[in-house]
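Following are the structures in question.
Paired with chain B in one complex and with chain C in the other, chain A is shared by the two complexes that follow.
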Partner chain A sequence: MSRRIDTDVVVLGAGPAGLAAACAAMEAGARVVLVEREERVGGILKQCVHDGFGLVRYRSKLSGPEYALRDADRFAALGGAVMLEAFVTKAERRDGGFSLSCVDKGGVVELSSKALVLATGCRERTDRQVFIHGDRPAGILTAGLAQYMINVQGLLPGRRALILGSGDIGLIMARRMTLEGMEVVGAHEAKPEPSGLSRNVRQCLEDFSIPLELSSTVTSVRGGRRVEGVTTARVDEAMRPIPGTERDVECDTLVLSVGLIPENELARSLGVPLDPATKGPKVDQSMHTLVDGVFACGNAVHVNDLADYVSESGETAGRAAAAYASPGARPERRLVPVEAGPGFLYAVPQLVDLGSAAAEASGGATGAGSAGSAGSTGGADERAAFYFRSRATMPGGAVVRMATADGTELYKRRYAVLRPPEMERFELSPHALSEALAGMRGDGARLVVGMERLEPK
Partner chain B sequence: MSETKVVTCIECPRGCRLSVSVDGGAATVTGHACPKGEAYGAQEAISPMRTLTTTVVAEGAATRRLPVRTDGELPLGRLLEAMAAIDPVVVRPPLRRGDVIVRDLLGLGVDLVATDDLVPATPSATAPLAASGIAGAAGTTGTAGTAGAEGGRP
Partner chain C sequence: MIARRSRTGGRGIALSERGGSIVIEGQAPSYQEKVEIGWAAAKLGFKGVVNDLSVEGAPEETLSPPLLADSALEGAYYDVVIVGGGVIGSAVARELTRLDLSVALLEKESDVAAHTSSRNDGMVHDGFAAKPGSKKAAYNVRGNRLWEPLCAELGVEFKRPGSLILFGSALSAAAYPVMAERARRNGVDGWEFWSRARVAAEEPNVAGDQHGAFFLPSAGVLSPYKATVALAESAIMNGARVFLDTCVLGMELESGRIARVRTNRGACRAGVVVNAAGNWSDVVAGMAGDRFFSLHQRRGTEAILDADTGRHLRHIMGMPRLVQIKSKTKGGGLVPTVEGNVLVGPTAAEAPGREDYSTRAWELRELEKHVRLNTRLAMGQAITYFAGVRPCTYEEDFVVERSERVPNLVHAAGIQSPGLASAPAIAEDVARMVAEIASGFRAVRPRDGWKARRSAAPEPRRLGPEARNALILGNPAYGRIVCRCEEVSEGEIVDAVRSVLPVSSMDAVKRRTRAGMGRCHGGFCTPRVMEIVARETGSPLWAVTKKGPGSELCVGPTKGARV
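Let's turn to the complex of A and B:
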């Protein structure tokens, strides 16, 4: 006998994005069911014992669990319901809403909702997704797995580790492994610059005299039952190993920190179009995907540097999902694409919904709608947040402009320096959006975001 | 005799590159974007200080480790010594984030505090969200630190 639950909003994933989305949706008056695969909420933050979370949102430096507990407490205070050790195996659109098959300890639960928020996070690239020759003995693990072993299970993954890649988790783990008594012989990054934040290079590598080898990679692994060593090599600009630069390094552990990919299996099954640049769903400024009623947030949309911005997008998605699920007419979506110039690795959102922007602007003008009313996506003062990464390092900085196709400038800002590892963010007021609306008619409507590189002084 | 050092600020993700010139005992910082960065640069040039984050062994709890951190900074050069001092520490539930685990670590005037809640291994019958209305989902509700579904773990 299967159980049935009817609700307004189902949120998939109880990491920082899902927790924020669930809280925001409940605060907007919606009934919410939060579904989490693990036995506790908090997502990956549970294993992030280092600090630095919450600088933007709470103006304090919190550890991962402390940061996650803030919204977990908020969710509990709202009387929120979470299904733990539960997993959605199938999602379908049905009767203008969604029907989900969910499995938990009690068996199968059929969930039906008016709106769906995907907060499924991202996954680490593994050794299957990078090209390394040789053996596959025990001792090859991703940085996140090393982090889980040490911080959650209390196990050391090895004695002498080499790190491939220089993502933030890899850098954090270099320090963590060192503090726990392992020897970290070095971090090898195939690119000419580190992928992680400068402060992590400083406090995780330089603090412990761990060498960072740039333009260097691991070409093969040697070992029987266990890793015995790896071969490293310098690489050229095309990241091809340079013959003659090979070096044998003895180690029993190879830690991979070679990138994160948004997790969107369920989004794909619902036909949600993805952006090849972010590998996450294309969304508008409300984190609404191109499938009506499906919202997405956090690292499922694009890989963020900071949990604070993951939560921010969760709040936006949760509020918008509650508004979508509320009774009454939904403003018609008038989606116009945001075209990012060649200087951008990507820009999110990829679309702007001028329909909801117009509804918000007029709602604000008449003062209609009480605060927290489920019929509002957050009020007229809600600003659209844009996130982007530059394709290349621009030491002299750049000017970023957003304009309509006919050249009306909506936003302009000068950045002192742009680096691909550092996500940038700016906001557009609803006023700017309604101005854009005024000038836009017809099929060719679009917004353009451009980047003008400045030379160092 | 003044000496200029270039250091990367670790106060926030911006990672400003600071130039610090030390003259006598006094440091002059440039390149910072905020007062925290200025203070960090001055301290970094004279004697680098760091917050230590790690875990301690938990017994009788739903989880095996309790995340902890120092509630202030200690000298960078003493982090490994602090780790050795923390190594034998074993905690038991219940504990709440902010609870002091080790007072005055190494006599440096900083405390080691919990950064997560620690709950007993046995599932609590009165989990705060257990009555929140998901039919048949009893025992599958809880928040971080309150769900006790790992009963079999040491």
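Let's turn to the complex of A and C:
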């Protein structure tokens, strides 16, 4: 017979988002089962031996494993239950809650819960998704895979590497591979600007004299068994290779850092609506998806630039999931959309729940958010965090405004510079939210975020 | 035609007759012209076309043998030596194990099905497209009937979705009687005219611009590499030997018969030799002094769409232009695979390179036209794409016969599309020919205890909860999911590595288990699969290969790492 476990909240994924969510839910008094498919908790942080984690959340510079350990220890201290090497094969809604089938090395486990937190992270885009042609020898790998091989397995993936893309993991791996004695011949980015954080361009490429070629891509790979070389080409504004600019570069390794895609196969199977801009579930300010009882956080919702914000959204989701699972009446959800103007790549959350905002504003009537949060470092528990990325670089900065449809302003800030690789964040108090939206009724109710570009001086 | 070509070629083309075949020598200005000259020569009524035209800038290819060198075969004797471990060689091997003969199958790659047999769309054609009276037509229709029961014996999934040849205009729909007559002449198992409304009802996501369809219910699909692996394993379970990384380098003849087969692993003696060498079958024929045909290569590229696309497509479908119905391939289309993906393609382009599997950007653009046939599909759903090379004779038909010159040689060559569909039927015939030859030097009796059934390794994801639970309780490795996209467990990977046909490359594991075949394309599971393969084979972690020696995934440990 398969095993059965009944709980309040199931958190899927024990990376930074899931760990934070599980801790927050437990601190709010919920019974929690954390499900992780790998052997250890920590997610991708386990392979991030570089530092720079925790600057926002802990005001200190930690490595990935150190950062993960903080919440792992917190979860252990709370006496949390984690299922390791456990894999969800099926998820469905049942009897107002959720029923999940899992397998682990002990067999099949049937989990039932009142609320579900999806903290499933993201995956890397592959060479096939950026339509690289030519042969398919050994030696083509994503930056994350190269990172795992070098940092966890102690394996050297090649001797002479070219990097396609300038995402953060690719930049970090340029440095890492160089330190391990590999020759990194260059990073090629099809866009006219780098995709990764400025600090990574400086610290990982410039400091090591690794050339970054913008508006340049890899069109094909050469080599039967192992990569022998790649063809690079300049690209036009539409990112199409320009004929005549092809160059053959000898290398035995091609590392790809061409973007991340939120993992949402389970969300999809539960009928959770996704945002085509983020490729993650649409959520409200509590990280509650449009399916009641399903919460989502971290890179499964949108790809964050810093792990600190991943944890922050986990805290929010975990707290809200615990509140949802707690006995008593749930405030009725009154969702109004947040419409992001054309200047935004995306904005999260995509919705605001007036019902819970009103409840929070009137003093935590949901029963969550205050009890256990003293020990947490998240801070500003009840405030609603908004995250966005601009569609284009605004070297002169921009004014970002959030208002109701009828023009009542909730937030305004002037940013000195906006760049798509750098995620921006602002917060609103539930009080301000509920007050500004108090008069909003009916179908026309919505919030609008707009961006006004400023010219460089 | 040939004379005209020779003028345009400018350097002169010499024609001669050798052993009943027409031999073309000289220089062609391009590969395309070389092929067209070969096609023209095929109409002249000779036994075969040996097209030795050279093409500037395209030197004649030579076999590059595996890095492995030992003496595993030195001095051995087998009643039958099969050259080539594709679907044909593997099916022939299994068929021959019904008889009390010693059988060795030699495959130059690190796995069976490494080339054309894993680089196709898995379609078991109905037999309509083949030219009436051709070997293709006969073998295809019989093979189509044999595959379903054979898959049941092998424990391999087979589905029969049927094929819709969509009409793009009212005019093309008028071709129905002609098509029906061709299907009748080929002996195809059933055909129907479907009206526009019927097509729309049975294939809900079909694009609106169709004018009905020619429906062929017998068309099926299977996983071509799983089927080939299963055939090879079944052969091994019944006593055949399969030698991987073993390349035939030459043959020694005595009194006109093949006496010894030379390989990178020593020379063995052979009673009968079967040439099932795919894109090298003309070269292998030449090693025995019987190169009465030659091959040209027609490359085809296909795209694989995400695993959740299969639910949008019920039938195999394509919309060939009217002129394509009589062309050399049926023009490609959409194929729902047994695994739930959709395959788009293949393209068809004459291109040199017997093993050139590089893909080109224009090929993917060409596949767009197929994707448009279904309103729910888009090229953006592609998780990968790949190319295959069809081994084609200039007669554009199979060569399945006893050699006229070498009494102990049987050819199964030029097996292009619909070769997969035809494989079981070709294997029957080849085994019969081999038995005739073998009975000349020894008594040929049925093998005692021959087993039709292959016990396939478990696939936990296909089991119900209780059965799966019981399986995991018996072996916890079946509960440890390694490939998250395709839900493949450690136990399945161990089974693949330890099977009767042990393999150790990532590609071989992928073909057997689907680990790494999903949407993340191995990004997450590659390290885990490497660790399991290394542990099971006792090799260092960095020495794990993608597809055999020379394709190691890593070059060694990092500084100071203990691996």
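Here, the second predicted complex is superposed on the first by the 440 of 457 C-alpha atoms of A that agree within 3 Å, B and C clash if a C-alpha of one lies under 4 Å from a C-alpha of the other, contacts with A are read in each partner's own complex, and residues count from 1 in each chain.
Going forward, a residue touches a chain if its C-beta (ideal position, glycine included) is under 8 Å from a C-beta of that chain, and two chains touch if they have at least 3 such contacts.
What you see is a predicted model; the values in this text were computed from it and never measured.
In the superposition on chain A, contact is made by A:180 with both chain B and chain C. Applying the stated contact rule after C-alpha superposition, one finds that A:63 touches chain B and leaves chain C untouched. In the superposition on chain A, A:5 contacts chain B only, with no contact to chain C. Of the two partner chains, neither chain B nor chain C is touched by A:406.
Within the superposed three-chain model, A:158 lies in touch with chain C and out of touch with chain B [touch as defined at top].
In the superposed model, A:197 lies in contact with chain B only, and not with chain C. Residue contacts after overlaying the shared chain place A:104 against chain B and chain C alike. Judged by the touch definition given at the top, the superposed model places A:138 against chain C, while chain B stays out of reach.
When the two structures are aligned on the shared chain, A:85 is found in touch with chain B and with chain C. Note: residues 85, 104-106, 150, 152-154, 180-181 of chain A belong to the chain B contact set and to the chain C contact set alike, using the contact criterion stated above.
Chain A contributes residues 3-5, 33, 39-42, 46, 49-52, 55, 61-66, 68-69, 72-73, 75-76, 79-86, 104-106, 109, 150-154, 176, 179-181, 197-199, 201-203, 207, 305-306, 422 to its touches with chain B in the complex.
If you check the complex, the residues on chain B that touch chain A are 7-15, 17, 48, 50-55, 57, 63-65, 67-69, 76, 79-80, 83, 97, 115-117, 128-129, 132-137, 139-147, 149-150. Contact residues of chain A toward chain C in the complex are 1-2, 37, 85, 87, 89, 101, 103-108, 110, 123-124, 126-129, 131, 133-139, 141-142, 144-145, 148-150, 152-159, 180-181, 219-220, 224-226, 252, 268.
If you check the complex, the residues on chain C that touch chain A are 308, 355, 357-361, 364, 382-386, 460-461, 465-466, 468-469, 472-473, 476-477, 479-481, 484, 487, 489, 519-524, 526-527, 530-531, 541-542, 545-559, 561-563.
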